[in-house]
Amino acid sequence: MRPENYQSVSQPPSNEFELFYGPNHPGIEGNYALKVRVHGDEVTSARADGGYLHRGFEKLMEGRLWIQNIALVPRICVPDPVPMEVCYSLAVEELGGIEVPLRAQWIRVMQLELSRIAAHLFFFGGHAATTGMYTPMFWGITDRDLILDLFEELSGGRVYHIYNIPGGVRRDLPPGYLERVSKTLDYLESRLPDYDNLLFTNKVFVHRATGIGAMTQEQALEWGVTGPNLRATGLAFDVRRDDPYLVYDQLDFDIPVEAAGDAWARSLVRRSELKESLRILRQVVAKLPHIGGAIRAPIPNPLAWNLPAGDVYTRVESSKGELAYYVVSNGGDKPYRVHVRGPSAMHAVQVLEHLATGARIEDVAQIMFSLDACPPEVDR
Amino acid sequence: MSTLQSIPVVATKAEKPSGGTGNLLANVFDELTAFCRSRSLFMLHYCTGCGAIELPPAMTSRFDMERLGIQPMVTPRQADILLVTGYVSTKTLKRIILTYEQMNSPKYVIGICSCTVNGGMYWQSYATAKVLADYMPVDMYIAGCMPRPEAVISGLRELMANIRAGRSDNWRDYYRRYDHYLGNQQRLFGENWQTPTDVIGEARHYGQFGPETLGEHTALLERHQTPLLPFEMRLGLGGEKTGVENKGDKR
Amino acid sequence: MKLAASPPNNVSASLEFLLQEIPGLRTKWAGPRRLRVDLPAETLPALLELLKGRAGYVHLSAISCVDWPTQNEFELVYHLWSYELNVLVMAHIRIPRDPGVYLSVYDLYHPAAFFERDIHEMFGLYFEGSPDMGKFILTEWDGPPPMRKEFDSEAWVMNQFEWQDYRPDWLAEIEAKGGGITTRPQDIRKDGKP
Amino acid sequence: MMHILIELAVMPLVAFTIGMFMVLMMRKIAAKIQRRVGPPLLQPLYDIVKLYAKKTQSSHGLLHDIGIVMAVGGYIAAETMLPVPGMNGIADKAGLLTLAYVTMIPSLGLALGVGQCANPNGSIGIARALTAMLAYDIPFVVIIFGASWFYGSNNLIEVIAAQQAGGIASWGVTKMPLLAIAGLFTLYAMLGKQPFEIYVAPAEIATGPMVEMGGKHLGGLFVMQCFQLFTASAVYVSMFLGGGENWLFFILKLFAVVAIPMSMAFVFPRYRTEDVLAVVWRWPMVLGLAGVWLVMH
Amino acid sequence: MSDIDYKDRGSLLNPLKSWAFFGRPPVTEPLEPRAASANYRGFHVNDWEKCVGCSTCQKVCDNAAITMVRIPGLPVDPVKGVRDERPAIDYGRCCWCGLCVDICPTGSLALSREYVHTCTEEQISSYFVLPDSSGMHGKPFGLGWSKTADADLVDLGRQEMRELEPEQRIGNFAEIVAGYDDQQALLEASRCVQCGMCHDACPTHMHAPEYIRAIWQGQIEEAVRLIYETNPFAHVCGRVCTRRCEDACSIGKRGEPIAIRWLKRYAMDAVPHERIKQIAAAGKATTASGRRVAIVGAGPAGLTAAFDLAKKGHAVTVFEALAQPGGMTRWGIPEYRLPYDRIDRDIDVIRSVGVDIRCNVKIGQDITLEELRNTHDAVLIALGLQQGRQTRIPHSEHEKVFRAVDLLNKITAGEPFELPHCAVVIGGGNVAMDIARSLARMQKQQYGQVDVVVTALEDQQHFMADPDEIKEALEEGIVIRDNCGPQGCEISASGKLIGLKTWKVLSIFDEHNRFAPRYDQAGETIHACDTVIEAIGQFADTSLLGDALTESLEWNRGRLKIDAAGRTSESWLWAAGDMVSGPDVVTAVADGHRVAASIHEAMSVMEKTK
């Protein structure tokens, strides 16, 4: 059983050669691989190769209690774990007919937006790094760390918060927490001009990113593109507004769009989204002190908790796009079937293959990163 | 893995000339290399699992690994440390073994997160390997799921101290007990598993040959191994493909 | 979902009116924006064409497969979203587990290629006409389709792998005093004992 | 004769030492912009010693080894032709043009070595490196031509002497500002930092030529980098900044010259290959030709 | 959406503004690890004082990371629900989700703020840790993620049991407790964390976790089957068990224990009687062994032994002196706690497996033990404590001074007696409550008002009776006067009983923990009454043994001496029940099983030696 990396080396026609992007390659996001066939500088065909991060989540979840799965779900998308937790919790709550207390819903919105900011900061760094500029990565990840600090204080974990639980959230806000959120928001806002100077008005970066991996709105819809990548083609669709969950219908925010559909537009959309998230967080911080009550609806002993039979499809807007869980219960204490629809499942496979074909070698990495594909969502 | 106890503790500072034969210059030189090795660690930029998400913070400004002389490197040839950040799926494990064999010694493997020790939270998963140390020698484990950047840095500093003291020598173990590791690999990947690296040849060449280098599993390897085709260079220079050394040649 | 505004009545009414064209179809509102549709497998392509052509259902959100070994059936659920109506249609069909073949909807929805390939890998269900039924994730897996209910992952793992053998000093001390491990985690698991 | 031999040995050593600190400076500049501490003082040395002390080496064959020797040797040869304060080496036997040729040897040597590694990423990388060389060498030759015309010699000792004769007023940078700017630009491209870093490009081609380099091979490349930084900056200092009156000023000038591109490198991404050609053939060429025109009239 | 300059073309100079950072200090943290946040999820700490080894953490752990380790030297107390086991955690599995902390019934487990652990391959065993309160490396880092009130995953509150209101129940003997309905039972059963403490604490080791789980799963018949594996007095124990299990319940460490007794009752009531009979008979030996066993006393111990032996195929005859079987459960427990039809059902099940119960047969009078010995292969005496103890205070021999058991017997049998207008009960145990509350009911029926006083040596917090009993008694209008040491009955000149004189109790036990009450004479009270009832304990009437046997048997402090299996010093005679174990239904049942096993074994041996 020889690894195929070595098998196919001598196969391509003589005027082409095969290049492996990944799994061990800095131009690939996470542990993922893209095999490209190159003619000169141009990619003639690209094949995505996943499964390096495959853990069989859906199978594992069938073997664990409803509550035990809360520790499992954030692992499905490491850079942006909160939507995973919330989406799973929403599904379980809908199946069990559990009414989530208002305070918990607002806390969830706060986490979701913090997580979105963290993911976007990560994204900027990654996108810039594919073009050889590492400073935004250093800045972005450092600033993201402040959000992780907030998460750590809230949930006890920096990356895997495991903080949302069917019924609500696991702990109330620590004293003085919202002030610290506010302070971090101030700081992030003060940093935005720096990012603009360094990245978003950088002539070389604009030059590098413009026109790369461009798709039209029709193509995007045909390929099942969602989230910021879809909005970068001009369609103002956001699950938060158009299929609202939690308390998003009580919040005031815009849906940024760009028309070009290229890597640059995708970066700009995320930049604007980050600002919108800051705006949402301001509203949450203002509102949350006035919302009292429980943080969790009473749930039965988790060791003996059957959910009524049924199925439910819940969707949330993650930083990558439309995240959905299809959960089936057969009335037991464990899920009968969970299907995770990660947004990257589309982006990292067929969209990436389409966009990479015909692109130049130097742009392949940028295309992947600008789609903000998250391989664990594909592999699950 | 049950055989853990039987792993001999590799002799410390095996390279050092013993006793009075060593001259001062050689000692100074050894000290210098040990010091430099510990102060300059290139880690392979390979995100094998979810623990990789805490490496960017550890590398970037807030925790700045570079002040310890640690920096990410892109290819296994350049790297000293292989960070196995969490669970390894079977598919990834093959790549990790290839990667590990391509690295130049002394090389160090760091197992981060629970998953590298005993399967972690994916212990029921059909897709992941459970005990990393079965497949390659591990020099340092860092506990956590996932460990914070500070913990990663603490682990790296611990490793640096070990290297400085000449203790982290598990890479020799891979040569000396290749049969053991290969056996575990074969168990997981099937008996016709082979890598393009000639570990046995390297072991002979670098004087790392041990009594357990060869065994039943390497015999199996020889039986199943298909010669890897040399990569044809169209410039007409000849030569071999990345890291591929035809195993038959050196025997 | 509870807070979501219901779609305007005319939307739901017109959608239901439209769906009446498909024979043997049952609809049920599972939520304000969730319409569950059960239909015979052979009419699904007609439904999709109808939805895509006449109701703006251009987005195939996912295809989920559920294994029902007791009924000897696979359930396929097509989650479709219309950016115009903002209503999710979940089309449920059942196909026999054996031989486990169904039609690809790739011609209508390109995202289907990924999901069908995934279902093929995980459940062993074949889609005729799908562009690529090759392995993607499980390229190095030669066992049965793992998501099928009869595949017991834990038992398989217990059979395949060995575990870390810890010998901590404290345990040796306790054992010397007559104590020791009483219940290992696998002892309390009903299935998959080593 | 003995004197020359000592100089031939010492000059590369000095160059290496200075180059190592330039590498350190580069990393420190990056750290500063990236708001972090950065590596310790002797980090470049640790890296090189460590790489040479690797216990196993992966060589892909004779040419692989020779390529690295050529790369390092080319620069060592170049150092002996670069006059530094107190040492002229064989500078008076070799002119600027010789130097320009000698500095091409490393790239060619690298191409040879990388070729045997047979890694497609390396091949692409070396193709890019040669393209980059083509890009910066043409304006470089133009600038050398202009400077030589101006000084009436392509002997660096004479060039330096001519500049040092009248203080700052007689430096190349004041006499031929256009050529000096073009030269700085070319130097920037020569150092191959962003936005001209097309051939290392980790995210694109996995560090290109270095992809199969490990152990002493990579160590050789690290040494080469030190030499490269020194050579490029020393040539520039010698041509436009009056060379070294004494070690202090010389080193200050060298570091200042390197600091300018380094400070810019970390706030820009890299260009595409054709962009490098377009940019380098446009601006330094235009400036250089204009400078030559000015010099010749 | 553009709100930035140079959006389309960018600027070459703008990025250079980042040079401003040359003048700013780095944001890098020091090398030493920072302190983690206040609820950080770091390594485990476990307060061994609080931990009871219930292993609930092990059950909730989704990663199979927790191993239970028995540690010799730690306290073990099945009755209180304490095991000498502690969780050990495999950090090669743990994911620090903290579910173990949130579910820990005692709140002993917590996560600390310590998060750095590194080791080499040789030291990998350090990944398997036995957390105590000292932290992973013996250094204190402070508690991180620990239990908070609003985050408890354990449901501490019990399902409310519907009961008759005091005014509804006082005038009759209707059963007070209504029992759970299906929904309540399901919810109550779902609270169980399956720790098995109840199983350990139960004298007869009922499979409580299993039948609770079965109830939760809706498999009530399975629950009944599990109950019958260990207890044929299921209806009785579902109502009046002393429920040691609930004292041991780990949920009860911080909250209300699972209502195990009520769940048993629910299961028994939910399954039709005929079906129960089928379930109970399952596993009965198909062939008769030919052995004959005589059992004296149709109480819980005797009938349990009879049930077991009959299922093993032996011919069992039970001799009961009173008119109906059931022993103290029938004759000692009032109907409002245990309706007679439920006892009848239990006995019907026992009879249905082939037990022959002969009532109104008085051993020693109608038939002697010697005769039984001759006609049977083994004899078991399982007597209840039918005789009430007397206080022997002055005038206690007065005809208006009764023993509680005698009165309870009369009430059960429906024998008429002169109902006191005003009664004083001496004693603070369950029997005292039973008689007080029974009398109160009759008073209400006949006289329209309640006038019963309960006096006891202890203060009310330390009464032997169930707190529920006391509460209900108070609700029913019974007056409780604690710390009263009876000193004598007051007799009027006409010889009528007019009251009970008590002194205030200062202490009950002396420094050697012996019974030696000290009184304060100043606190003398006369409790006016026309009847005094002594409820200070009972004893068994062993006169049926006959003098010869009494002489030849070995005794121990007034009780028959038996070995661990319940055999007396005479090899043909076994003893069980309250007479050897003290008054408790479930202990009697356990006794019954034990002697049944012993008898069965002895007879198997006989079989072989024959």
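A, B, C, D and E label the chains in the order they appear, each numbered from 1.
Operating definition for what follows: a contact is a pair of C-beta atoms (placed from the backbone, for glycine too) under 8 Å apart; a residue touches a chain by one contact, two chains touch by 3 or more.
Since the model is a prediction, treat every value here as computed from it, not as a measurement.
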Chain whose mean Cα position lies farthest from chain C
D
One chain's C-alpha mean falls closest to the whole-protein C-alpha mean, and that chain is A
Let me check something: if the centre of a chain is the mean of its CA atoms, which chain is farthest from chain A?
E
Quick one: report the Å distance separating chain B from chain E, using the average Cα coordinate of each chain.
59
Return the distance between the CA-based centres of chain D and chain E, expressed in whole Å.
88
Take the average of all CA coordinates in chain C, do the same for chain E, and state the distance between these two points in whole angstrom.
48
For chain A versus chain E, what separation do you get between their C-alpha means, in angstrom?
53
Chain E residues touching 2+ other chains are 15, 18, 26-28, 36, 59, 62-65, 90, 92-93, 95-96, 124, 127
What residues in chain D touch two or more of the other chains?
31, 33-37, 202, 206, 267-268
For chain B, jot down the residues that touch at least 2 other chains.
4, 45, 60-62, 64, 67, 74-76, 91, 94, 117-119, 121, 123-127, 145, 148, 189, 231, 241
Considering every pair of chains, which are in touch?
A-B, A-C, A-D, A-E, B-C, B-D, B-E, C-E, D-E
In the complex with chain D, residue positions of chain A that touch it:
17-19, 25-27, 38, 41, 128-135, 138-139, 142, 198, 202, 204-205, 207-208, 360-362, 364-366
Touching residues (chain side chain D, partner chain A) in the complex:
30, 33-36, 120-121, 124, 194-195, 197-198, 201-206, 266-273, 275
Using the touch rule from the top, collect the residues of chain A that touch chain E in their complex.
64-65, 67-72, 135, 142, 149, 152-153, 155-157, 160, 162, 170-172, 174, 194, 196-198, 200-207, 210, 256-258, 268-269, 272, 294-296, 298-305
Could you list, by residue number, the parts of chain C that touch chain A in their complex?
1-5, 30-31, 33-34, 58-62, 64-67, 77, 79, 83, 86, 88, 90, 109-111, 113-115, 118, 122, 136-140, 146-147, 151, 153-154
So in the complex, the part of chain A that touches chain C is made up of which residues?
1, 4, 48-51, 54, 56, 58-60, 63, 90, 94, 99, 221-224, 226, 235, 237, 242-247, 249, 311-315, 322, 324, 326, 328, 336-337, 339, 341, 345-346, 349-350, 378-379
